[in-house]
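Shared between the two complexes below is chain A, which pairs with chain B and chain C, respectively.
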Partner chain A sequence: MSTLVEARNLGRFYGDVVGVSDVTVSIPTGVVGLLGPNGAGKSTFLKLLVGELRPSRGSIQVLGHEPFGNRDLYERLGFCPQQDALYAEMTGFEFVAFLTRLAGYSRSDAEVRAVRALERVSLSDAAHQKTRGYSKGMRQRVKIAQAIAHEPELIVLDEPMTGLDPIARRDVVRLFTELAGEGASIVLSSHVLHEVEALTKDIVLLHRGRLLAQGAVHEVRALLSSHPRKIEIKARESRRLARALLAVEGVSSVKLSRDGHVLLETSDIARFERDFAAIAVAERAGIESYEAIDAGLEAVFDYLVEASA
Partner chain B sequence: MKASTHTEVYRPFRGELTTRRMRFVPLLSSNLKTATKKRLPLVLLFAPLAIGTVIFSFTVYAGFAIQAGDPPSALGGGASIASIIGQALVSQRTQQLIQAREMIVNFHLATNMFSLLLMAWYGAGVLAEDRRLGAHLLYFARPLSRFDYLLAKFLVIATFGVLGAVVPGLVICTVATFASPEWSFLREEYDVIFSTIGFGLLWTVLVSSIVLCVSSLASRRSFALVGVFAVFMLTSATASIMAAMQRDSDFRALSPMLSAVRLATSIFELKARHASWNLTLAWSSVGAYILISWTLVWLRTRRMDVVQ
Partner chain C sequence: MRAFAKAALLIAHVHFVRSLTGKRLVFCVLLAHLPALAGFVASGISSRVGPANLAANLGWMMLLQIAIPLVALIGGSAVVAEEIEDRTITYLFTRPVPRPALLIGRFVATAFLLAVVAASAVFFLLLACERARGKGGTFDAHFAATLYEAAVLGVVAYSALFAALGAFFKHPMILGVAYACAIEGFLANLPGKNQSLTIQYYLRSLIADEAAPAWRKVEGFGSAAFASVERAHIVLAAIVVVALCLGAWRLARRQFELTS
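Right, the complex of A and B next:
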């Protein structure tokens, strides 16, 4: 099993409003980040993925099945929506147990699984409190718990880290990593890029309902040839190094920052990386750090969104 | 795209799921449990019905007891002055109260508003709150069909309807059965029991359907609550005004509540002032309200997936 989601010319419209349009994407097993600014169509894509929406055009297959109205498939999915979705009068435990029962488990099985799921999201202590008293982060975690309680093959999370404090965020990232390690596949959406970057390098980027890019972040970045790569180097002999680097083919600019860092742009990163080591040794520059500052998800995202605007 | 994290690991589904088809049951039980967590509304809403049931039950019991020449001790019993006064008071109404059939109908008509209030209070939020909170997104990502979902929501309201409109009537019938001399109520008026169940269920289905419909149309529980009373009050007012202005009682069919009253008189075979207009029209009206309500509910539920 290698392909988790297969979408072909997928479109979903709300009257005149485009949810997603003409999206063709193949998502493999593993952890995949669905990225895009607000209104990009991420939630619509996820609802199509979990079978809550019928495609207006095209098709989507999840685990080899069409998801819309496919109840056998729903048993294999876990979904954490963006919306609050909690009943104020229920306790976290009741909420998770009830939804696990809806997934098809007996009451006793559901309760055991609810306890386990709440433990995994570090919510055992508050499990028997009413959700009305939960903080935003606790509410988010209880929603994640209901999505993982029945141990689905595919966990779909819509903005799962919204409202989490840094510690809870770190715990949740760790949980997702554990789940992925256990073999669950995860598709999660976010517009906070570093959250996704901490989890996976594989992304699907949507913007205005259309697929903008897909693949590993560095692969996507490499495709953006119109933007030179920015590199920051910290060296003992930064001035001498800067002068030498100017001569490298493809380097379009070299700047020295006030704190002595060398900031340069190159349109041919492969060549630059090949030549850089030799120059650094020859110039005895004393390299202390080397960082491609726009190879990250944030920069890729900005470039792609800017290009499509 | 290559997932570099763990392409070699894959977790097939190994859980054990129940194969039963009644997936609406967990949703129903959970919703009922949640609805009854707040004690105060529960007490306030059920108290008038409970008090009414006790009073009517006692009156029926007293009527039969006096008829049998054995006044209840609560009225003084024996030959005391209190007993004589009690008997005198009761005997004035004996002719009227002894008619258990009429009493039960009167009870139904008197408590209609309370059972409506009960259903409206507990039913107004069933779809509106799900829509507001986005809870339906969790349900529809589970192996739960829309039919199961709607059935569960309908049964939540109907449960309160049955508790408000059927159970009290049955309690009075039970009292009448045991209090009547030689089981005369059961032998001669047994059809009242079936009529009680029949009318109670009809009223429950009618009101539950309308409440569910209004809840599906409203964005908040409070709006739905106001909407339910607006539907019943405005249609009743309009129907009464039209009937008076046009001097045609058939206009009462515009109101689900007046139509239900008309059906009550028919089901309980009573000759009352309410019974002077077309029965078929009353049935049609009730049927139309139920049909329209379900059509709207179905359409609105289909559109619950639209981004809020």
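Right, the complex of A and C next:
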């Protein structure tokens, strides 16, 4: 797997304000989610990645190029910025065709590609309407269309799900999956964590401008050995089971929810899972369900943010 | 170079089409034609001033000194700044085109449109002044030609300057207003050689030809020493070239911290 982005001690400051600080990360080809809360430095990192900004410190290489003003890189890159900005006097089709022509295509080629890109984001019906009349979701989709119309090798998307309704989000996730299947690499930022998780297991977590963690979700989870894992168990004899589970090494708390479920935290999930079955049988607890309620990306993120605080 | 020219032309075309329906152009047209409106009013109510004197006074004092710099400020300062304010510059700067193509392309479209506006403003001004019935005689074709030339070259030179300001500064309009008032409005009207530091001076040099005596009757005009027409052409061309080169240089290096 080759490298898309190589950042070394990357820093970007806005006066005294830290955008990103001392980020060293290597992002492989494929689909990668850039995650973090507002102000984490995601947009700054992406602006450095696409060469909109220069690093204050360190370096960043994208597809082997220094990105700032690099036309060789821009031939291989499509960028969907976060800002809700379009040329209001243009139709969606004109907007995408214009930017595709700037990517080096002839008028006829650009128009064909614009039509195709607008189809892919399900905007064909509104393609010839002025963008000033577009809804937030349509504006978002036309921004995605301009980023993919010239079929770039690397597509960078800053909060691409913003403003999309659930159906459009599902369609966009499907589109990104298709694009990845066609060989494009995608770096996207989001705070809609479950949607990123639906798209990729490879994540980069930023918090307060710093790299918090990177890797596949399960790799990131491996970093959490010192943090408790939350488990919810539904059992017929939940009170008896809860009492017994308290004795398991590593279990730090056991609670009963109002609806009678056992909620527990353990710092040693492996040991707990090993002992649990035996306890459940011994106590005749009548297990109905067992769920690690923090298995999602959101929980990983929350844990890591707490750890770095 | 081919990529640059292709991108600049494409950007010029798109900017031209977008500008045709923009409010900025409407405002420029209205502002540029205020001297003509004043000419219609003056020629209708006064019987003391003749066509040539009225055209010379309004042409210099209102058109060249006020309307042309302000029209150029509105159009020229938007050449780069509009893309930044609208936060659309990102789309252009992440395409494989030389960054200065943005400045040159948009400047060409802006300068062309404003030149048409300026020529139209002169046309209607002369049309209005022709109605005057006072003394001083009418103006001839040479008079008209020099006014057309000064207005068109003036709007192009000012636009280039303000476009370059937009490549350097976040708020070129504010700086442009300060420049138009302090340098072009004040310095250009002080006696002495300091005048030659202004664009106004070279525009006046274009129209201060002996063949157009009406200009000499404008207060303060007759006593000034002007540059030759050739020198005025060279200096105005140099202002355009240097401003655009500096703007292009800056644009190629500048980072834009756009808010989301």
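Everything below uses one rule, namely that the second predicted complex is superposed on the first by the 282 of 309 C-alpha atoms of A that agree within 3 Å, B and C clash if a C-alpha of one lies under 4 Å from a C-alpha of the other, contacts with A are read in each partner's own complex, and residues count from 1 in each chain.
Methods note: a residue touches a chain if its C-beta (ideal position, glycine included) is under 8 Å from a C-beta of that chain, and two chains touch if they have at least 3 such contacts.
From a predicted model like this one, the values you see are computed outputs, not experimental measurements.
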So, on chain A, is it clash or fit between chain B and chain C? clash
In the overlaid three-chain picture, which partner chain does A:87 touch, first (chain B) or second (chain C), both, or neither? both
Partner touching more residues of chain A, whether chain B or chain C: B
Of the partners chain B and chain C, which touch A:37 in the superposed model: first, second, both, neither? neither
Pick one for A:182: touches chain B only (first), chain C only (second), both, or neither. first
On the A-aligned overlay, A:214 touches which partner chain: chain B = first, chain C = second, or both, or neither? first
So in the superposed three-chain picture, is A:133 touching just chain B, just chain C, both, or none of them (first/second/both/neither)? neither
Regarding the shared-chain residue A:202, is it in contact with chain B (first), chain C (second), both, or neither? first
First, second, both or neither for A:28, with chain B first and chain C second: first
If we overlay the two complexes on their shared chain A, which of chain B and chain C does A:151 touch? Say first, second, both or neither. first
Taking the options 24-32, 60-68 or 78-86, which segment of chain B carries the C-alpha atoms that clash with chain C in the overlay? 24-32
Check: chain A residues flagged as touching chain B and also chain C 14, 43, 50-53, 69, 71-72, 74-75, 77, 79, 81-83, 85-87, 89-90, 98-99, 101-104, 146
Going by the contact rule at the top, pick out the chain C residues touching chain A in the complex. 3, 7, 10-11, 14, 17-18, 21-22, 86-88, 90-99, 252-253, 255-260
Please name which positions on chain B make contact with chain A in the complex. 1-7, 9-18, 23, 26-27, 30, 33-34, 37-38, 129, 133-135, 137-145, 305-308
Can you name the residues of chain A that touch chain C in the complex? 14, 43, 50-54, 68-69, 71-72, 74-75, 77-79, 81-83, 85-87, 89-90, 98-99, 101-104, 146
Which residues of chain A touch chain B once you look at their complex with the stated criterion? 1-2, 14, 19, 26-32, 43-44, 47, 50-53, 69, 71-72, 74-77, 79, 81-87, 89-90, 94, 98-99, 101-106, 109, 146, 150-153, 156, 180-185, 200-202, 214-216
